[in-house]
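So, here's a batch of structures to check.
Two complexes, one shared chain (chain A), two partners (chain B, chain C).
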Partner chain A sequence: MIRRILVYIVDNFRWIGWLMILGAVLIVLPYMVRTYQVEVLILLLIDIILVVSFRLITTTGGWSLAHVPMMGCGAYATALLTAGLGVPFWISLPLSGLAAAVMAFILSYPLARTTGFAFFVASFAAGDSLRLCWTRFKTPFGGHKGLTNIPVPEFFSSVDLSAPIPYYYLALVITALCLLIMFRLDRSRIGHTFKAISMNADLSRSLGINVTFYKMLAFTIGSFFAGVAGVLLAHRLWAVVPAQFGFVTTLYLLVWVVFGGTRTFHGPILGVVVLTFLSELLKPLFEWVPMIFGTIIILTLIFFPEGLEGLGHRFTPWLDRQRFAAGDEPRH
Partner chain B sequence: MALLQLKNLGKDFGRLVAVNRIDLTVEPGEIRGLIGPNGSGKTTIFNLITGFIPPSRGSVFFQGEDITDLPPHAVARRGLARTFQLTTLFKEMTALENVVMACHLHLRVGLWRQFWRTARTRRREKAVEFRAMELLEFMGMAERANELAGELPHGHQCALGISNALATNPKMILLDEPVGGMNPTETAQTMDRIRRLRDLGITVLLVEHDMKAVMSTCDRITCINFGNKIAEGTARDVCSSQDVIEAYLGGTSGVCSL
Partner chain C sequence: MTRKVWMGLALLAVFSLFSLGLQEAWAAEETVKIGYCAPLSGPAAAWGLPGLEGTSIWVDKVNAAGGLKVGDKTYKIEIVKYDDEGDGAKALVGVKKLVLEDKVVAILMLGGATTPPTQPFLSKEKIMCFVLIASDIAPDRPYLMDVTDNFPAYHLLHTEYIADAHPKAKKAAIISQDDEIGLAAIAWSEAGFKAAGIDVVYSKAFGVSTTDFAPIITAVLEKKPDIISMGASYPEFQALICEQAYTQGWRGIITSACWDFGAILAKVPKEFMEGAVSGFPDFDDPKLTKDHHDFWAEWKKRYPDHSFSEIVWEYMGALDVWAYGAQKAGSVKSEDVFKALKAADTVPHSFGPGKWFGKETFGNDNLLVPTWPITEIHGGKPAIVAYKNLFDWLKDAKKKQILFDTLKAWNIKTYQ
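Here is the complex of A and B:
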């Protein structure tokens, strides 16, 4: 067992090396930036969970517009559990994820039977009706004003999780864990089956794959992680309001994902990271940000429809030529 | 006992009767041909048998079990595989990955174990890969195992489609135009492999337009037109049937130039 682990580490040394460097950067990062920027990083981590779990659902072929409301499910669940019932954060975290998953499971029963455009519209309707429930029902969801007084997660008394930097580490650990699980899933046979379904649903059926079941599975698991993201969001903002989970947020999610690409695991992460940095850079041009994002999305769809992740492939021939010109062998 | 039995099977699309009332019995170990002019309802019959579309009337029995209302994946699990008319593959996967995916059914590993990829799961995955390679060899595709399915030449795509169907370990296989668009050499090779399938104990029902291939391979042939069965029997019987000749050529001359 130990030998196998060692062999694995040696075989994947470069990959693990890069990951360790990235980890180190992420650990020192909050001390290198201003407090406000730490808050941005926390939200970025939450958004990373959101886009990666969104991609998980897209691997079966459907773009769910109910994903942001699913995040809302997690946020509302934890608000009700911790602020309402006094459940500790650490128990509420998985429970609220599960609440989103259960809601998703129920919705997925009809949703998984739709494809393409119908899925788009149906998931939007399902998600938005959820959001309307939170607006309309004053009890227990608090209507337009939402729920407040969501407690700070408790940890050892020496660590104050209401401060940005400790919360950043909390979010970092949970994000890393979520990504690890989803990466594992993506590379497992379950993930391969999801991709097979999106490539050709009829063929998958004829080979004995229960397409509806796997679509429901992807939707449920993806929503679980969206719920977890919602929990992290709710405990950072100490409040949840229905407006947070409206269509504008969904649009941002779509922009991140289109910009990054959905074919690879890292594509959507790349998209959300680059665009978050960009919108921070453009902070002084506040009014222009939506217009700039709109332009970016149109240009992306025209010039590199595969998203950022596709750029690597696109430049490979060019790089090869440069190497060739420099007298090296082209890379294959 | 008949392996596959269609009783009074029919399908209407609105007011169009695609398949009227078909009775068909396929015995184990048989190679059965299903022929008919374009639009006569052959592919619809395939879709009805495999549960892709629900029939308007009648029923389908496989090994004595009523499978009329089963969804496609459940039909596949009972050992009834099919291929599709236009090459239907996982185009962005390699040939080997295609067949490995098609072996899905045999993995018999729970979701949880698939997620953790325990040693046992990995062993099974290795075994599945080995089996997939065997199937590719059987279909004469071994040297192309690592090419992307979408980039294979047409003949190989068809062969890969059959490999995929075989990977479900079927008792019976429905082939929808297995030699469509192939050159004569490829056709001969494919028909030879279909005969070898029969020798492996797999019953075959095939739809094909290449009359020469059908006549030389099938034990029995069923001819349909406008959703009705118009002839059934050996190649010779079907060829000499006046109804068949009329259906194909409007009654001018013989269909079969063997």
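Here is the complex of A and C:
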């Protein structure tokens, strides 16, 4: 076992090295930026869980417009559990993710039977009906005003998780854990099956793959992680309102994913990170932000249809040519 | 006394005067910051962006006059902007930046969806927050105030005016979008019509994603209303509602919380809107004061191509109230200003002296209510036709009971 781990480390030394550097940067980062920027980083970590879990669903071929409402499911579940029933955060976290997953499983039964544009529209309707429930039923969801007084998570008495830096670390650990699980899933047999369905559902079916089951599974697992993102958001805002999980947020999610790309695991992460930083840089130009964003996205779609993740592939042949000219062996 | 001593004394006097002057100059340079956290981009930008026009005129005027004198000090005013995009999470990040980093002493916000996530933090920090939606006022939001817009309370006055001015109008239909603002508008309008003796024949919310108003207006017109209230329908809905009502041949009295005439008149002729009732005059209205007219002239000069809406002046109106409170308190500290404002019997509002209201309806007396103008559209422009006062309306116990019964029926919490 130890030998296998050592071999894995040696084989993947470059990546592990980079990850360790990234981890070190993320650990010291909150002490190098302003308080406000720590708050932005917390939201960014939550958004990273959201985009990666969204990509997990897209690997089966469908783009779900119910993903943000699923995040809302997690947020509402934790609000009801912690503020309403006094359940501790640490129990509420997996339970609320599970609540989103159960809701997704129920909805996935009809949704998994739709494909392409039909899935797109059906998932939008499913998400909207969820939002309608939150606004219509004042008890227990609080109607349009939502739910407030969501408690701050407790973690030993000496750690105040209402402060930005401790909450950043909480979000960082949970995000890392979620990404690790989703990464392992992406590289597992189940992950490969998801991608096979996306490439050719009929061929997959002919090979004995239960396409409907795997689509339901992807939708449920993706929604579980969206629910976890919702929990982190609710405990940072101390309140949930239905408007938070509306179509505008879904639109942002789609933009991040289109910009970053969905073919690779890191594509959507690149998208959300770059666009969040860009959005912060452009904050003083608020009137022009939609136009600048729109231009960037149109240009991306024209010149890099695979999103930012495609940049690497574009530059590899060029780098190889440079190496060849320098007398080195091209890397493959 | 020798000449040297005289010289020394003279030098000392000059130095003292110089340092006093320096001190005064220094005091004048002191700056107080006010936060402006509202949607400045995205779909809700129309509720935030025009407000910057009014606030910038206000700030330039105060600073050009040397600053705002508060107690012994004179402060320059600076508005620190943050675009919350109408999103709760971004609004929370924004108010934290404004309070903790920029050290603002008060924040101007739109209200609505951004209020629940931001209020726990602002209440904890005891920072005054001025919003444009009175129904955001709540007992657990002590420092949240609405000192300009009287939505949804002014619906009671609009409906009373319609009953007075159009005694033949006996049936009203009310529609607005299905969200917190829309439902509040429907409930308060319904109470107003009922109290005025007008029969409410249709009172329903439509979905916020509605794009086709034909079936809704058909259902409304089936009830043969003399009045159609658009409640607090968003500008994009107003144009579509008016277009449908006009196309289906309806003629009558239209009323709404506010208008976007540019959008409406692109769909229907000017004559269709003649006599429509609301409560927001243009600031060149002859019945308004010189201050209003001066503001209008300056605004027209700076933004000749922009259209005027209540958003242009309402955030600025909040700055007026804040400045009054600061001068009264002799301090710019949020809690002192708040206490000074609440201790005042009347506080100057843009439309005249206002009194605090809201304990029974919102759980806190944090809504500033002046005598409110009623406008009618004539020749495509709003004109003040009357003034009405909410406190006068509430003096009638029967009317008041109708209000609370209707709010209860619409599942709107009250604190009677």
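The rule is simple: the second predicted complex is superposed on the first by the 323 of 332 C-alpha atoms of A that agree within 3 Å, B and C clash if a C-alpha of one lies under 4 Å from a C-alpha of the other, contacts with A are read in each partner's own complex, and residues count from 1 in each chain.
The definition used in the following text is that contacts are C-beta pairs under 8 Å (C-beta built on N, C-alpha and C of every residue); 3 or more make two chains touch, one makes a residue touch a chain.
Keep in mind that this is a model prediction, so the values were computed, not measured.
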Clash or fit, chain B versus chain C on superposed chain A: fit
Touched partner set for A:K145, first chain B, second chain C, both or neither: second
Greater chain A contact set [chain C / chain B]: C
Degrees between the directions from chain A toward chain B and toward chain C, using C-alpha centres, nearest 10: 130
Touched partner set for A:L254, first chain B, second chain C, both or neither: neither
First (chain B), second (chain C), both or neither touched by A:L179: neither
Which superposed partner A:E39 touches (first chain B, second chain C, both, neither): second
Contacts of A:L111 with chain B and chain C, given as first, second, both or neither: neither
Chain C versus chain B - closest C-alpha approach in the superposed model, Å: 34
Parts of chain A lying in touch with chain C, wherever the complex brings them together: 34-36, 39-40, 43, 128, 135, 138, 143-146, 148-149, 164, 233, 236-241, 243-244, 247-249, 283, 286-287, 289-290
Residues on chain A engaged by chain B in the complex (per definition of touch): 184-185, 188-190, 192-193, 196, 199-200, 202-203, 205-212, 217
Residue numbers on chain C that touch chain A, as the complex places them: 40-43, 49, 81-83, 85-90, 92-93, 96-97, 100-101, 112-113, 116-117, 119-121, 140, 178-180, 183, 209, 411
Contacting residues of chain B [partner chain A, same complex]: 50, 52, 71-74, 76-77, 81-84, 88-93, 97, 101-102, 104-105, 107, 109, 111, 114-115, 117, 125, 164-165, 167-168
